[in-house]
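Below: one structure in structure tokens.
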Amino acid sequence: MSGNSFGKLFVVTGFGESHGPALGAVVDGCPPGLPLTEADLQHDLDRRRPGQSRHTTQRREPDRVRILSGVFEGQTTGAPIGLLIENVDQRSKDYSEIMDRFRPGHADYTYHQKYGVRDYRGGGRSSARETAMRVAAGGIAKRYLRHRYGVEIRGWLSQLGPIPIEFRDPSAIDSNPFFAPDPARVPELEEYMDALRKSGDSVGARVDVEARGVPPGWGEPIFDRLDADIAHAMMSINAVKGVEIGDGFGVVAQRGTEHRDEMTPEGFLSNHSGGVLGGISSGQAVRVSIALKPTSSIRLPGRTVNTSGEAVEVVTRGRHDPCVGIRATPIAEAMLALVLMDHALRHRAQNADVDTGIPAYAEVPARGAMDPGES
Amino acid sequence: MSGNSFGKLFVVTGFGESHGPALGAVVDGCPPGLPLTEADLQHDLDRRRPGQSRHTTQRREPDRVRILSGVFEGQTTGAPIGLLIENVDQRSKDYSEIMDRFRPGHADYTYHQKYGVRDYRGGGRSSARETAMRVAAGGIAKRYLRHRYGVEIRGWLSQLGPIPIEFRDPSAIDSNPFFAPDPARVPELEEYMDALRKSGDSVGARVDVEARGVPPGWGEPIFDRLDADIAHAMMSINAVKGVEIGDGFGVVAQRGTEHRDEMTPEGFLSNHSGGVLGGISSGQAVRVSIALKPTSSIRLPGRTVNTSGEAVEVVTRGRHDPCVGIRATPIAEAMLALVLMDHALRHRAQNADVDTGIPAYAEVPARGAMDPGES
Amino acid sequence: MSGNSFGKLFVVTGFGESHGPALGAVVDGCPPGLPLTEADLQHDLDRRRPGQSRHTTQRREPDRVRILSGVFEGQTTGAPIGLLIENVDQRSKDYSEIMDRFRPGHADYTYHQKYGVRDYRGGGRSSARETAMRVAAGGIAKRYLRHRYGVEIRGWLSQLGPIPIEFRDPSAIDSNPFFAPDPARVPELEEYMDALRKSGDSVGARVDVEARGVPPGWGEPIFDRLDADIAHAMMSINAVKGVEIGDGFGVVAQRGTEHRDEMTPEGFLSNHSGGVLGGISSGQAVRVSIALKPTSSIRLPGRTVNTSGEAVEVVTRGRHDPCVGIRATPIAEAMLALVLMDHALRHRAQNADVDTGIPAYAEVPARGAMDPGES
Amino acid sequence: MSGNSFGKLFVVTGFGESHGPALGAVVDGCPPGLPLTEADLQHDLDRRRPGQSRHTTQRREPDRVRILSGVFEGQTTGAPIGLLIENVDQRSKDYSEIMDRFRPGHADYTYHQKYGVRDYRGGGRSSARETAMRVAAGGIAKRYLRHRYGVEIRGWLSQLGPIPIEFRDPSAIDSNPFFAPDPARVPELEEYMDALRKSGDSVGARVDVEARGVPPGWGEPIFDRLDADIAHAMMSINAVKGVEIGDGFGVVAQRGTEHRDEMTPEGFLSNHSGGVLGGISSGQAVRVSIALKPTSSIRLPGRTVNTSGEAVEVVTRGRHDPCVGIRATPIAEAMLALVLMDHALRHRAQNADVDTGIPAYAEVPARGAMDPGES
């Protein structure tokens, strides 16, 4: 209720501060019998973790996750899964000067107003460091969705600041430090980031995520639509300021004849809807885009006030990502996995016995596993 | 849990189908002592209800709300508030031909796959008619927020299909059938809609909503950020495909120096954040934009399949809005009110005793009550 | 969250006051495809409703329930089921004298302290009249449990004031106004109640409820044990002051060798546990007992204070049950049904795919459908 | 949702198995500014922990709790509080022989049926060892309730098997290994336990808990009554089979004139209700009793079946409490604290602004801080 839990049936509850001893999470509601080891979760944690290239924060955290409960002899038992990652590379002295001043664009001022007390070291609870636990918990969801339902989730960087990145080669996504699906763009992205880093400024980004193989019927009508819960999940990621499903803001200027995805016995003829109709999955790919703001943790001084209400300047030292969007891809994937997992369980709770006899249609023509650009 | 409730402490639970006997809602958690009559809720219901102009559906529903409980001698008692609106103008025969075929772009197919059984009359539970109860329930929230905290919520149409609408005159919003804040644009909008209606097609729209006077400190960190819950609320409205907070997707190409809202002892110097920092309200105006798709209920035939899996054509007869975005303004206001109300209560549950001694900063220079365009 | 909802997946949300226009409830989460009519719910409502004999309150309420949504062509659709019962026999003038004084043993004082404002007519929201909606909602759960899982739920009066009632003839339960399973006791019960009514006093009662055919595996470990949720449900009924599962307080003086229910390939050899082990159903009958206090609504004057803090006397006029336990049997059945229904859905959400290959053991020797006395 | 969380606003989520590496809990929703150290929680953990006398299990666990988050510079920050206790004295080999057979009276069979897979070492998740985290989390609640509201919570053993224990000297409670409030009874209790231990059998117990200083107004009407949530909390403790509020099952034979607690300007004249009227605290002491069954972990062989469905005998080796009720007192206190804490926050969320001007009455004559026997 105080915002540290996500999901209704597959529930993730996180804790931990950027400069505290550890981050942790409890994952409750996981079905029993899922093969699971720590190594299974480490892959995505490594994709997210800092210090992987010169373009992200230089904080060195191995982000080794321990499973403390809920797994017995290599498989889940249905009991809550306790996860723990110890912080090892805190440098809290970096933050002492912002103890009494509010960095503009940060949560410093709002946390102070909300709680009256604030762990200012590295942003405390408001640090994006907490997203490590999202990735760990999301890894369990991803794994179950793949094993039980054949659902595959993939994200990529679709724009870095002013540079749009086309979806040309999904196999390239994990081969460059940007999660960019267009390898030909990578040199330009590196150049841009090097210049940005030198300038001391930061920049925004856009990330796309997609889930394929989602069966029709997931999502609840009215308030807990699949897309509403996805919007919730995505907007809860640090720095996200916009969420789109399917054509997103592009629908404003569309006509109904253009937008509605017609159906044939072979499948849907397009996917403007992003795989959700009336809040419920249609069997088409679920497609989501998010906008991430430029981090406010920059070396360039800004005007602000201190806890005494005086005008002061502030410079963020510490170690930060000049573009938080770069590391956001595995986080967005994890959040989409958590939503889908939760709705898989919610759906079968109410509708376990439903058998419509109607096939699950997907898009036609059949497209490559990672080729959303054609729709 | 099945999606018909919204909120954690100020909880709205709705029921009712488009062509059933009535729509209803239970509002639980309202603080006692709020003066409340049915007339107080009718104003917004009238703003939303169909048939107000030739540009919306011609279904004639008075949408008279009855308060069945929770109010005694003119004020709320703290008990749940039962609300009921009877349906009076159903014409279910209009829908018999779509009983066994799935209208493209509608929830027909997904509801069928989810539940195996479907009330096809007017879309049943998936009809936008349910939004009447959102507006009624949101009216209670709006009222409490204004009485207790001085919060004012206003929405407007900012784009109709290809026509952008500037924010020029807030006093005009309720004086035209589009909720357009630019009276000079109204003739163009009317002409556009007349042509659209004749064509049998539909179009999308963009709606903006704003809350002024929100105190700093509302919202929960991590998963239940104020903006995450707003995104959830907005994306749960029928036809919404995108949500932005503050600069929204505009942040992708922004620099950190540009985006971060600097503070002075007089207040914030800009409002790129949309009034939320780290998921918690900052005292700036909370600003939200949503994209609504063109309704798929159009007279132009489309390809689809029927319940036997055969290729068929379908035409939506019935009475429909050629642009659902037109009536969306009071709905978006209601959803923003519900989120803020819920977080007002959540905040004081945990932090009732917090007194920071720090003033609540708003934007400077002081702007007119409805002048968001300057930020 | 304000206490008017029950359940996590099969969720009942009620509203309405004793002397308001109507009582209502929304039942969300019911699986689709269940045959359901208003008549199906009326049977239990008639068992509970007042004025059925001279031993209960003489308020005349037909308690006719209307289904406003969620049912289409005779079966549930998965959409929320709106239920409404109109109040017809309010006599609010009976209550004007208790407007400013707190009846001892009632909720008058505590509601006043909680909310500052109070609907004093007939107890307002605190009246046991709200239990009509529990019975209506519980009727849906009972029906689903029987259709889908073969679960049968039955309750009876096991003690009236000082008179214990043995479980001799379950077929007699619905043939006397007390739900007493021993027809030979009925004349004594009638005589006792006639004398009690004349005295102007009231008395307590004990009610037993049992569910047979519950499959093993329902209930969640740790906090949401099946028995914990049953205790919650039962203690939430007006006037209940104690709850027992299985042998209840009898276990205090038992030895482990006596209490543990041994198992054989033919089944459990006893049922001291009341059908729950480690919070999870065992396949044995689920057995519950509750203690109901004597109503405080009596004609004999009592000392109290008024809203000005002065010492006053108060007499409850109105129309009341001299033993609220008499009408409690269908209410207790309904609450047990709601808990089991909720856990049936919760169980299959997480464990839909579990197949242990182990049979479900019940008690042996096989007993008559309503013969719990032997265990 | 899978049963490992308790509370709605002050939420405890636990994890960990008896023989896993650690037990943990996340406490979310704690108000900021509460002074808190690990030592503050250790006191109650030490009261609960095993091996304190020869009358409890001889497993040696220091039960040292670490606070991993949510506390900064000695006070709570409003962020979730991560708690961890490492298991140090597991002897899992003790359990290998029960790997494939279901101990009667245990959760072995029901967990197996629910999940299909089972961590059999020491009962896994079903072990009472998880109650350590309840005590740790409850310690935070106790502390806040005392600091902010002056609420004091105390429990004691009121019956051990056949031996009733009168409430004679509250100061003696923590001075004997039984939490017995009658020091004169202690030798008899020790003798009884020594004989019991020799016999290899186990016995039940009764524990009473009381909260003094609870303000009037806590608790929600209808389903989430304070007493309903208390019943839920208590019945969720391992081995509990019965819960009473106030006079409990004693009310069955009471008259209304006897039961109703009359009020005078000086206060309530009695406390039959146990401090709750209409589900809401009255200002009287909140009084609760629970019945704990004899543990089924005994050395005497019992009949059962194995996972192949064959008849077998089983003996529980391992190390166990011959009377789990002895260590239940701090657990029951913790659960009462969690319920009260949750309702304190829930109450102020909705009713923060209520000011009735009516004093909070308590019982008269004023009694000693720990003298419930007089009411």
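For reference, chains read A, B, C and D in written order, and residue numbers begin at 1 within each chain.
Simple rule for what comes next: contacts are C-beta pairs under 8 Å (C-beta built on N, C-alpha and C of every residue); 3 or more make two chains touch, one makes a residue touch a chain.
Which chain is which protein? Per UniProt: A, B, C, D = Chorismate synthase.
It should be emphasised that the depicted structure is a prediction, and the values quoted were computed from it without experimental measurement.
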item: Chain A to chain C, fewest steps along touching chains; value: 1
item: Winner on C-beta contact pairs when C-D is weighed against B-C; value: C-D
item: Remotest chain, chain D as reference, centres from CA atoms; value: B
item: Geometric centre distance via CA averages, chain D-chain C, whole Å; value: 26
item: Distance from the mean Cα position of chain D to that of chain B, given in whole angstrom; value: 45
item: Euclidean distance of C-alpha centroids - chain B vs chain C, Å; value: 39
item: Sites on chain D at which at least two other chains make contact; value: 1-5, 8-9, 14, 29, 32-33, 78-79, 114-116, 125, 221, 346, 349-351, 354
item: Interfacial residue positions of chain A with respect to chain C in the complex; value: 9, 29-33, 78-79, 148, 221, 345-346, 348-354
item: Interface residues, chain D side, partner chain A - complex; value: 1-5, 8-9, 11, 13-17, 20-24, 26, 28-29, 32-33, 66, 68-70, 72, 75-82, 84, 114-119, 124-125
item: Of chain C, residues touching chain D in the complex; value: 1-6, 8, 14, 102, 104-107, 109-116, 125-126, 130, 159, 161-162, 201-206, 216-225, 227-236, 238, 241-265, 269, 272-274, 276-283, 291-298, 300, 302-305, 307, 309-311, 346-347, 349-351, 354-356, 358-361
